[in-house]
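There are two complexes below, and they share chain A, which is joined by chain B in the first and by chain C in the second.
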Partner chain A sequence: METLVYRFEQGQRKLGSAAQLVGVVSSGNLEVLVQSLDLQSACEIEVNTAAVGFGVIWQAVMNDFNQRWQLADCRIAINDMGATPAVVSLRMDQAIEACLEQAK
Partner chain B sequence: MTVARRWNTLQANRQQRLQRTAEVLGNDLQGKLFPPQRIGDCLHVVLETGDRVCLEGNNQKQADFLAKALTRLDAARVHDLHMLQSVLALPEHLDVFDKGIASKLDFSFSGPQAARLAKLVSAGKLNIGAIHTYLELYARYFVDLTPRVALVAAQSADRAGNLYTGPNTEDTPTIVEATAFKSGIVIAQVNEIVDVLPRIDIPAGWVDFVVQAPTPHYIEPLFTRDPALISEIQVLMAMMAIKGIYSEYEVKRLNHGIGFDTTAIELLLPTYAASLGLKGKIASHWALNPHPALIPAIEAGFVESVHSFGSELGMEDYIRARPDIFFVGADGSMRSNRALSQAAGHYACDMFIGSTLQIDLQGNSSTATLGRIAGFGGAPNMGADARGRRHASPAWLKAGREARAGSNQIPRGQKLVVQMVETFREHMQPAFVEKLDAWQLAEQANMAIPPVMIYGDDVTHILTEDGIANLLLCRSEEEREQAIRGVAGYTPVGLARDKRMVENLRDRGIIKRAEDMGIDKRMATRDLLAAKNMKDLVRASGGLYQPPKRFRNW
Partner chain C sequence: MSSYLEATARQRVAALISEFTEFLPPAKEWTSPHLPQLNAPVSFDDGVIIGRGTVDGKQVYVAAQEGGFMGGAVGEVHGAKLVGLMRAAVIHKPQALVLLAESGGVRLHEANAGLIAVSEVMRALLAVRAAGIPVIVVIGGSNGCFGGMGIVSRCANVIIMSEEARLAMSGPEVIETANGVEEFDSRDRALVWRTTGGKHRYLLGDCQMLVADDDAAFKAAIVQGMQDSIQSEVALSLAALEGEQEMLTARLQDLGNKIDPMDIWAAMGVEHPEDIAILDTEAFLQLTASIRQTERQHG
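Now for the complex of A and B:
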């Protein structure tokens, strides 16, 4: 088990919705919990992953995620069971799109 | 004084073989038929040391009784056979080399026996002439690899020796034609001998001996994929394929490779593609085995025609009930033909889309892995621009225009060749590499060139979960490399991309992400599959599709 924490400052987009949970914790999959929270316009992501030693890839996945969405005041918790980067990105995008849809 | 040359040595030799066999079999030979227990005696006198022998090892149907009989020959009497086979599937196909009965091999695909084949080669028990694509090997049957003896498999024979090969006709007509018309000997194993055949696939005049095998020939259900195992990433990639390629190029005539990536596309036609208004506009004419996963698209009216390389176990009754779609005989059962379907896929299809294991920075794609000699099969014939093609279609013209835009080359079209792959395979193995394993394998196995499945200069698009790279639009080797890196995700190759250049390629539409295509990723769930499991496929077929036992998991 490994825990990785990322924080991106000065986000632009507030989700302003209730918490969203997508995905399940099963082999090759992950769950993503998204909450709105006052973080002085930052976005915080905590990853708990069963696969140890992929820090470089997680960092790249999170950088791209931040670039896509530029979230502000958002806390994301991820429980991962060895999902590929593709699945991680898809789940995270699905969670954010669900938040945005709900806030409309 | 010159001695007059004899021009009929092949015919004379053929007569000697037939005569020897008639003498050995005696009263057991009834016309062309003899009992299975005499197969050893027959082969011992029909075959001569050094013969080129074409054993029907197909993609699906196997002449397994004859293959076994070959392994029981006395190597002191018959040896150094030169085996010609499109597919090495059974252990017996290699046992003949282990036992010193055969010594040379020309073939096309050996997936199931790839590891053992590599071992026999390095032990010096087997000499590979060449590894071919299907059409290439069949072509050589008519030029410099004509079989002296062919050992084939049919469903049934009548007492005159006519053969019914039925849905899994596959290679039989090609092999028999090459052998029978160059004074060779054709021996067929059949499952049953009947008074009247449903239809005649091979006329008796081309067949010399028929033997009823004690058990029906083996057929592998090679193209059946359980929809329950399709992932959401595969659904997302299928959405990108449909919206970013099928729709964009109006692809009507196509071939799909084997695997879950393309199965997902087949299952998204009646749902996602229909929702985009694409019914009747894409994917109507196919060179394809009768994939069970195509049933929902057929039922939804997407598909107009399917010609097949071989059949697929369990699809017989469904095919029989859809004669407008499939190629069937007057008797109602399908007839496949691998050589003709390969030609159809090469010349008459506008697109090939299939999976692979490794792609390098030039877009070369390979399924070769170390310690295994797996060969090629049909993908290279499908996944190659047909340089001899002249007729136009919207897809072919558009691809040609894109490749030539801005240059003063004479207009011509181009085939779409799409490689579809997740950036990471199982166990986080990257699908994108700086150098293909094929190079190392070539060195290990002493091959003249690395075994490349599809050459980069034929590949037009690479599709991953990261997006689509349109290689037709790349104008330099550097652009091409960055376009490939740009869809290589978080693999080392992908992470080493030049970010500015990749963004530039994206601005120019050379790289398209899901969001650039207007794809809503929330829709990328298994709910989008027209069938979510095997039972759904059976239901979609109205109960006509009968999956093999191992796929019956309900």
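Now for the complex of A and C:
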């Protein structure tokens, strides 16, 4: 297992929703838990992944994610079982969309 | 039609249960203490969702196992959540406890903690029944319901299955590993399904209801199961246990020498047992209505 932590400062968008979980920790899949939390406008992402040594790719996927959403005061926790970058992006977007839906 | 088989545990709860409130939701992050020691990933709900809600306007307590996470296997936290839900049910007396089961049994990574957890679940389930609350088990996931959870299921008042669902003690691979491929070929999917699948279980009376793989059909069956339970004895009784023992003895006597489930169906009076596998649920239920083994006493 490998733990990777990312923090993006000065986000623009607050979700303000109850915690949301999407996805399942199964082979080639992951679960994404999104919680609203006072982080001084930052977005914090913690990844626990079974696939060791892919930190550079995770960094790129997280950078893209941050550019898409610019989240503030948001904590994201991920349990991953070897999902591909495309699946990771899809699940993370799905989780944020679930939050936006819930906050309506 | 919305497939129950294809859905995740969370999707199943959303489809079947109204006004759902989750106990110990994933944000609490009650994860397995054992898996990190083995360098294995954890899940924020440890593979089971518990909570309360309503079905057809009636208050129910619900648990749903996620087959995608370690095959729905029961670890220490997973089991403790099931036990806690059942103990809460005894206190708060919902109209039923609904268990959406999908599990390979004990999570072997957690060894004794998992084994103890499963036995505690059995005890808690019987306490729920003793409190007069019917337990309804729904099996319709691709991982089936095996091992300790197979036993737990058979402790329930009502079992609802789909044709795609499987219910047994040892899984196909386990039997093949222990007794050889001549005894049981785990890659022979037709054999696996006619031995453990919903149709066979229904014919033998091991499950009470067989439904198509559809959320609405499962939901209707849960409502029916709750209604049926009102008229029957919910708590486990000695008489019911003795009845079960008699039924099993007779089954062994009458059918114990049959090699293949198709031989059993033929002995039960199915004219063309080779056709059973391809019948859709509706046609199967019509064809077998008169020959199905009498429903076991609730017990």
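Note that in this section the second predicted complex is superposed on the first by the 104 of 104 C-alpha atoms of A that agree within 3 Å, B and C clash if a C-alpha of one lies under 4 Å from a C-alpha of the other, contacts with A are read in each partner's own complex, and residues count from 1 in each chain.
Basically, a residue touches a chain if its C-beta (ideal position, glycine included) is under 8 Å from a C-beta of that chain, and two chains touch if they have at least 3 such contacts.
Fair warning: this is a prediction, and the values are worked out from it, not measured in the lab.
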Partner chain(s) touched by A:41 [first = chain B, second = chain C, both, neither]
neither
So, does A:94 touch the first partner chain B, the second partner chain C, both, or neither?
first
Answer with first, second, both or neither: which of chain B and chain C does A:26 touch in the superposed model?
second
Output check: A:60 vs chain B and chain C. Expected answer is one of first, second, both, neither. What do you get?
first
Touching partner for A:86 - first (chain B), second (chain C), both, neither:
first
The chain A residues in contact with chain B across the complex are 28, 51, 54, 56-57, 60-61, 84-87, 89-90, 93-94, 97-98, 101
For a test of understanding, state which residues of chain C touch chain A in their complex under the given definition.
8-10, 25-27, 29, 36, 39-45, 66, 68-69
For the chain A and chain C complex, residues of the former touching the latter:
1, 19, 21, 24-26, 29, 31, 33, 35, 48-50, 77, 79-81
Residues of chain B touching chain A in the complex:
231-233, 236, 422-424, 428, 464-466, 489-490, 495, 520-522, 524
